[in-house]
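When the chains are written out, they are named A, B, C and D in that same order, and each has its own residue count from 1.
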Amino acid sequence: MFIVKYIKDIFSGIKSLLVGMRRTGYYFTHHKEIITEQYPDNRDTLVMADRFKGEVVLIHDEHNEHACTGCTACELACPNATIKIVTKFDITPEGKKKKAIDKFVYHLELCTMCNLCIVACPTDAIKMAQTFEHSVYDRAELTKILNKPGSKIREGIE
Amino acid sequence: MFNPTWAMTIEMVIAGVSVIGLFAALGLVLVLMERRVAAWMQIRLGPNRVGPKGMLQSLADTVKLLVKEGMTPDGSDKFLFNLAPYIAMMVAMLLMAPIAFAKDFRLWDMNIGVLYITAISSIMVISILMAGWASNNKYSLMGAMRSGAQIVSYELSAGLSILTIVVLTGSLNITDIINAQADGWWIFKGHIPVLISFVIFIIAVTAETNRAPFDLAEAESELTAGFHTEYSGMKFALFFLAEYINVFIVCAIGATLFLGGWMPFHIGNWEAFNHVMDYIPSSIWFFGKTFFLIFVIMWFRWTFPRLRIDQLLNLEWKYLLPISMFNLLLVTAIAILKWHF
Amino acid sequence: MNNEELKTKITELLPSAIFDETGEWLNINIEPTDWLTFAGKLRNEDSLFLDYLFCLTCIDFKTHLTMVYHLSSTKFRHNIVIKSKLDFNNPEIESVSHIWKTAIFHEREVYEMFGVNFLNHPDLRLLILPDGWEGKNPMLKNFEDPVNMIKL
Amino acid sequence: MLEEIGTTTEGDLIINVGPQHPATHGVLHLVITLNGETIKKVEPHLGYIHRSIEKMCESLTYRQFIYVTSRMDYLSAHINNHACALCVEKGMQVEVPERAQVIRVIMDELTRIASHELWWGAMAMDIGAFTPFFHAFREREKINEIMEETCGARLTMNYYVPGGLMADLHPDFQKKVKAFITLFKNKIDEYDELITGNIIFINRMKGVGFLSKEDAVSFGCTGPSGRGSGLSCDIRKLYPYAVYDKVQFDEILETDGDSLARYMVRIREMKQSIRIIEQLIDNIPEGDFQAKTKAVLKLPKGEFYTRVETARGELGVYIVSEGATTPYRIKFRSPGFSNLSALDTMARGGKLGDLVAMMGTLDLVIPDIDR
């Protein structure tokens, strides 16, 4: 019957709408379900995952020493030419010339956090830091020199 | 000094100022309410930055809209483009007149209040069409055309469901309608037919105020922003405000006609209960009912997907209109046979 | 069908086809002039029914261009690869967009990226490059973009 | 073009949807010819986000080029990387350890669920329901957390390398994935309550954007878009890679060919992905996560083609090698590009509102189309 179908349609339609309204009504009254994080407010308690890829840093120990030999493996591994290593020659106490890094230039603005440089590094001198608030007012600030002033290579690293 | 002309003038100024004040206050409250309702339904917190618990968020928005440049596009019909938001606003203001906000408190007690409201609210479509046409933007024009078709058709079923109450009360005067509900609201007194007409009324006014799921005139994902695509700054804010005021007004009318306006909730012979209810001020009853209806309309918006234009018109002409016509017949029979309580 | 059966069947359809089985699938080298009639046969022959053109591309070998068509059958699940050498200076081949509609877009892409002229294509216009693009076709090996090249 | 300014000679309205438009979710540009509200023609204009990844890859080594492909279809980054890794492995004839294969499949399926979640929310938003978007993100966020913990990134992970994985799983991985499965199973019914059963939604979707099986094959529509038309095209079933031949799952087919069918395919596919993960999560074999490979990879002279099933359809990676450390020519057969080409056929005769539903259910990711 046409009329029966017509009325059935109306009621099934209204029912389907009410089911949806019940669901949103549930969330309207149950505030425990709220999932948003209050980001700048929770900075103190915010913990990023250990492996989060934020930016490349050169690891320095307490004696201001790093493990980078300047082999440029990371520079070659980088797909975007993010890393540029400028080397110099140090004079060792024995009077020999030894290659060492002068500047470890890192272009954060070009980096895509692909992790290939970390994998490529033979001496585990660099790692990914968990920082993520990278915004600055001038693009030039994103070009970083990773080796700290006065730092030198750790003993025993070839 | 105090002749009647002066008194009249002062009265009108007071009324005007209070209406504008009510407008501003309502706009702020409703926008905040909408955002809060949306946020909670979407498992978020909503505005919580400006002021305590984000209470001043809509104030901040208003300031932003006020200082924003109100651009008029080059190819637009400048006169109509600038006129349209004011017409939308004026319509919203005019609709305020016959509404009873509390016991014996209304701007204009006229004997054709219901007719006045249905007549004035139809003018709203003109401002939308004007805005859409004058913008010289295809999206705007399509939005306006959709809106025209939509408002004209949904006015029918909204009018018919209002008519059921008029039939039951036998008066077009809003005061009479409220007084007729002293012994119970129409939604309880009028059996199922009034309930049906109440549901139809809510659906129809949701469509008439261009709210989701009937927001085809704006249809963000289809027409970017529909008829107010080209508007910015305060001119946009006027449209925005007019939409919320319209929602308030249609809900106020719904509360007046079906839920007894400022009449408190009474149950038969429970004298004690009825007395407690009488202690609650009538304005609170009115605003409580109105805001409940507004909440329902917001609830619709944040739950349902949007209809397509042909489905929208199908719903009106194939479902709502026949049902409300049949319903009106039933109500008339009830009124004649005095079957209602 | 396995490769041997495909080979006999295809030799029937096009005696001049040269087969190459070094890759994963059967490679068939054909002359560009044979392509249109051969393609129609591949699509409509009941025992082959290669109705799904899943990859259409072009390779620039500096001396010549090679059109590569990867075809598959949704009924028999066999795949073949058709290759056709084009002249580098005047690359031209018949369009197959009426046989496999996906070729409409893919051929437009190859047209703008490699400059291959598809004869009888319904709508051979630039698809990805901006309107009014002048100069070389970007995917060719000898393309160099003097403006947008990033030098580090 | 003069036509694009106003109307055609027949008096039809020409509308530009995009490059900036809320429904295109990216920089897709569609020129639409309208007669009233009825669509007469849809003409896509592409290239606004074309980065020429194929040309870029010609100058990157086989280790480096994988990360670029995450940027094609960024919602199924893992699966894109998988395709490239498989292709390089096929060329080098490296045997990938069982453990790496299983982890890859789990990651792929998680990516697929995440992608479908986002699609669900975005599609619901397209047709006017805003709330589902946030509900979908709640579940997607859990997957992103899992990804972040193990792969170190949330969207473009670059976790696969030729020969296996970049790092081993995080110790919490299994626990978290199981927690996600429980959460997802609880919440999937809400999707039906909010959208699937909704009368307005069904009316918006049913019979909209019809694509016949013949057209789907001819246009090369794959993935859920093709399976909604009854075209069996799940590469995981037809040409199994990794450990897909060892797990039980169904290929979802709907025969209606309309938007509702495509919608249902994706919703049901999510449940199948959960099924695959459930089978594998407790059975990750011990062993290496990476095969021994040389520091500098070289592919022998030849041509290599791999097909994988991304969340959007069949992704083909075609590498032509001349024996060098970089590919000579690389071609990505992206699913979005072929799926988009069917839009014109689907949309003709529909309403403007239908176009949004069609674009929503085709699940277009613009960088995937432009590459």
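Structure notes:
In this section, contacts are C-beta pairs under 8 Å (C-beta built on N, C-alpha and C of every residue); 3 or more make two chains touch, one makes a residue touch a chain.
From a predicted model like this one, the values you see are computed outputs, not experimental measurements.
Path length between chain B and chain C in the chain contact graph, taken as the least number of steps between touching chains: 2. Ranking every chain by how far its Cα centroid lies from the centroid of chain D, the top place goes to B. More inter-chain C-beta contacts link the pair B-D than the other of B-D and A-B. A comparison of C-alpha centroids places D closest to the centre of the full protein. Chain B and chain D have Cα centroids separated by 44 Å.
Annotation: 42 Å between the Cα-based centres of chain A and chain C. For the pair chain A and chain B, the distance between mean C-alpha positions equals 50 Å. Chain geometry summary: the mean Cα position of chain C and that of chain D are 25 Å apart. Listed for chain B are residues 41-44, 302-304, each touching two or more other chains. Each of residues 17, 20, 23-24, 35 in chain A touches at least two other chains. Of all residues in chain D, those touching 2 or more other chains are 131, 138, 194-195, 198, 200, listed in ascending order.
In the complex of the two chains, the chain D residues touching chain B come out as 13, 15, 21-23, 37, 124-131, 133-135, 138, 194-195, 198, 200-201, 203-204, 351-356.
Contact residues on chain A toward chain D in their complex (touch as defined above): 12-13, 16-17, 19-20, 22-24, 35, 48-53, 77-79, 112-116, 119, 128. Chain C makes touch with chain D in their complex at residues 22-25, 51-55, 57, 59-60, 68, 70, 74, 77, 100-102, 104-106, 109, 127-131, 138-139. Of all residues in chain D, those touching chain A in their complex are 60, 63-65, 67-68, 131, 138, 141, 145, 148-153, 156, 158, 161, 166-167, 170, 190, 193-195, 197-200. Contact residues of chain B toward chain D in the complex are 38, 41-44, 138-139, 142, 146, 212-213, 215-216, 219-224, 302-311.
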